[in-house]
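Consider the two complexes below, in which chain A is the common component and chain B and chain C are the respective partners.
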Partner chain A sequence: MLTRNVAAPPSSLCPILSHDWHFQVSDQLLFPHNLNPNLNRATRKIKGFRLKANFWESIRSGILKNNATQIVEPPSTLEEEEEPVPEEFVLVEKSQPDGEVEQIIFSSGGDVDVYELQALCDKVGWPRRPLSKLAMALQNSYMVAALHSVRKFPGQEGNEEKKLIGMARATSDHAFNATIWDVLVDPNYQGQGLGKAMVEKMIRTLLQRDIGNITLFADSKVVEFYQNLGFEPDPEGIKGMFWYPRY
Partner chain B sequence: MLSRGIISNFRTPAIPFPTTCKYSISDKDLESRGFILRRTISDLNLDHLNSVFVAVGFPRRDPEKIKLALEHTQSLLWVEHKRSQKPVAFARATGDGVFNSIIWDVVVDASFQGIGLGKAVMERLIEELLEKGICNIALYSEPRVLGFYRPLGFVSDPDGIRGMVYSRKQKKKK
Partner chain C sequence: MVGAAISSITSSQITMIKGGGGGAAAAFPSKSMELRWIRRNSRRKIPNPNPSSREFGSLNSTPPPLMMPIYISADPSHINLQELSELYTSCNHSCHRFPKVDSNTGIVEEALDLNKLRIALSHSCVIVSVFCKPQHVKVTNITKQIQNQEQQKQMKRGFVGDLMESVAPINPSNGQLIGFGRAVSDLGLTASIYDVMVAPPLQGMGIGTIIVKRAVRILTTRGIYDIAALCSTKERFFFKACGFRDDILGSTTMMYGRTVSNTCFEGNELVTAAGRKLLLAPPLRVPPFPSSKTTKHQG
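Our next item is the complex of A and B:
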């Protein structure tokens, strides 16, 4: 519950993430290992999911050095007859030589701690938004996708470290249109294809729910990132417009 | 990724309508011309609405789905033609209720275009969103109606921000 000095309407609070959750490991993990790892470490240009032009740049390439990185996500080519996207599954699993295991979990169930989210927004350099409004925005979103890092330590059963490292959300009318907002990935985890995977899973989930028109507004610097995911800018000349935008 | 209007949550947005007459056409004027402004889906005949959509070029959509969409729409406005009791103008907005909203399905029946109904609906919808504190109001405009939205205060591609739509046919680069 929000207990800080924020005037929050009683009914709008987001539930705090429960720490004893357990994740299902989807049988989609049992794919052969010769999947395209897509570990584009050095040359990724598009990193920070920036808010607006007059805010400072937050583009960094996060390079995570790991000895054994195993990409377990399913192939990202769209097939005609698809398995439904599970609400929660492991995207990446990395093992350290000392036995520490880190898993990156994707979830679309909206289990995002609003405090953690605010800290993440701070980390990528977004301006502060009131916590209560953030919570309300999440609650009013049709889908909230999150990336969590879960670290398990050898010999410490049940002792795991979990933190939010990415989020994206979509608003929708539940029938025709969805718009994706606030896509962000912790700078320490950028450059690994996680943002891409997260948005991709979101898209697939939306399509499986029969929401055919998926839209977003992209800063000029990330247009290419979304093009690579299948988004088209100004299709048929249709233009995104904003009412008296503040620069 | 864009999420605009953040800082302006702390400021009152400037409403560009003159205080004496809020709208281009007042509610009273509309009524005297035989039109009623409506803000809920009650009494809205979805088949009639669908016909208006189709007549202006939207794909024909399942009325049940339209109903679902309207039930999950944050704000909507329509104009009822008194004599025929049919909807002749419509617009709705979806969003998160706090930061962002997008306006969809703006239509005016062809027989009633050019008399200010579209503008009437848009002005009121915008005001309703502003009153809720939503400062980021966006929409996707077909090229031929950019000139309709501009005088209402809409700017296309501000700061190089582009509207993008997912296309299943699009080839994805790896």
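Our next item is the complex of A and C:
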């Protein structure tokens, strides 16, 4: 494998968010938690429970505000939240006459190397964005779908070349709204229906999670592409507006 | 003084809540709420409320005072879910973009799913809530009325009592939630603002703008400058006044709208209800499929 993974393990929730908060008020915590700054390495399930506990307590305290005492419930009574289960499957498989096999693999686990992504963005002609922000955005997106091309050479067992050729990501509040950002496919692999497959898979995952407001902001050149996927421009007069600072 | 005893309990409770929840806007560790004075434009006529629509307060409510204090908080632990859902109802706002609406009255018909709202709140990186003193807005819900009555019984009346009450800052337990807004972000590049609402009798006083500007300020402090807001035709004027514009790059806003009614429904596809729309998932393609050359397009 020639890839380097700089991004943290798949994290399609925003648990980083809660983690950030109680990291800052460590001297005021009421709950006997181990404040482990390296929580990223913990398994997803434990991380989810531990980090959500604090936030759940704060929301519930708001409901029980007439009581002077805090009620601390064990985490097992918290509702299990559904996260998109990371999937990985082969989309396309091509064999060359010399025995070389190329597979295009779809994965939704957020397994995207941020340097590879930056290179891909350059390839499609997008303006550069700071790497740290890119990494942060990937970490805190609800779902990051990636397309990798894996080439296996005959006779060289275990020697494969894997590279990133496409990506799409969506942010969401996990309940009602989602926005799809940054859909891109390597120009050499465009025109094969790969972008379409990525976005369709995203939509299906979001709908399965009962997230019904799926939005995106399309460049004028790709409006037709998304229309073919079932998106409507400005439905019922709904438009997106962006904040512009006044200097 | 009994009144002081009550407020001391609640303020210590706030600190406990604060400790449990953590600093929501870590950039602004706000232990208390920010106070702002807003002014009502006395020349603006207060429109007669539509008798058949749900109104916040009685039909013949007195107009809000000319100048009144409001309290802005960015702390999610200040939100009482029940109160928030009542605010949604009184503002006739739905979490779904296309809610089921009664065709005659225009009132949102569907019930708010509290569980989903709770989940949405816990994943909104910015939550702004605005409170005001209960006496400035007539309270309709029973719990609050009882609460207020009890508090009034326990507080000493008289000149000093009234003076104390009028200058005492409020906290989430005795303030009335009158405004709300939230934003979802990836904490790196982009953010979207949703569900900005202000109680109808207090609209037009600049509270909504304060909510949006506060959310934007929190986001820009964290380095996020790409802030989007979805707005209907009516909301467009509001967001324009808050400093939002159509996209400078000319992008088109699109929403997924493949529904049961506008597509051939095979019967075995996934259907999701979103308000009044029954969304249909894209058809399932079984991988791996052979590569085919279609018209070239950019991802």
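Here is the rule we use: the second predicted complex is superposed on the first by the 158 of 247 C-alpha atoms of A that agree within 3 Å, B and C clash if a C-alpha of one lies under 4 Å from a C-alpha of the other, contacts with A are read in each partner's own complex, and residues count from 1 in each chain.
One rule holds in what follows: contacts are C-beta pairs under 8 Å (C-beta built on N, C-alpha and C of every residue); 3 or more make two chains touch, one makes a residue touch a chain.
The structure displayed is predicted, hence computed values, not measured ones.
*Asks:* Contact-wise, after the overlay, does A:Pro127 reach chain B, chain C, both or neither (first, second, both, neither)?
*Replies:* In the superposition, A:Pro127 contacts chain B only.
*Asks:* Check the contacts made with chain A and report whether chain B or chain C touches more of its residues.
*Replies:* C
*Asks:* Taking the superposition on A as described, I'd like to know which of chain B and chain C A:Phe176 touches: first, second, both or neither.
*Replies:* It touches chain B and chain C both.
*Asks:* Figure out whether A:Arg204 sits in contact with chain B (first) or chain C (second), or with both, or with neither.
*Replies:* The answer is second: A:Arg204 touches chain C but not chain B.
*Asks:* Does the superposition put A:Gly230 against chain B (first), chain C (second), both, or neither?
*Replies:* Both partners, chain B and chain C.
*Asks:* Can A:Ala218 be said to touch chain B (first), chain C (second), both, or neither?
*Replies:* both
*Asks:* Taking the contacts chain A makes with chain B in one complex and with chain C in the other, which residues are shared?
*Replies:* 52, 129, 133, 136-137, 140-141, 168-169, 171-177, 179, 181, 183-184, 203, 207, 213-220, 222-223, 226-227, 229-246
*Asks:* Looking at the complex, which residues from chain A come into contact with chain C?
*Replies:* Within the complex, chain A contacts chain C at residues 13-14, 16-18, 20-25, 28-31, 52, 54-59, 61-63, 65-66, 68, 70, 79, 81, 89-94, 103, 106, 124, 129, 132-141, 166, 168-169, 171-177, 179, 181, 183-185, 187, 190-195, 197, 200, 203-204, 207-208, 210, 212-227, 229-246.
*Asks:* What residues on chain B touch chain A, complex-wise?
*Replies:* Against chain A, the touching part of chain B is residues 1-9, 13-14, 16, 61, 65-66, 68-73, 94-100, 102, 104, 126, 135-143, 146, 149, 152-168, 170, 172-174.
*Asks:* Which of the residues in chain C come into contact with chain A in the complex?
*Replies:* Counting only chain C, the residues touching chain A are 9-10, 13, 15-24, 26, 29, 76-82, 95-98, 115-125, 147, 172-173, 182, 184-190, 192, 194, 216, 220, 223, 225-233, 236, 239-240, 242-258, 263, 270, 272-275, 277, 279-282, 284-285, 287-299.
*Asks:* Under the definition above, what is the set of chain A residues touching chain B in their complex?
*Replies:* That would be residues 36, 38, 49-53, 76-78, 126-127, 129-130, 133, 136-137, 140-142, 168-169, 171-177, 179-184, 203, 207, 213-220, 222-223, 226-247 of chain A.
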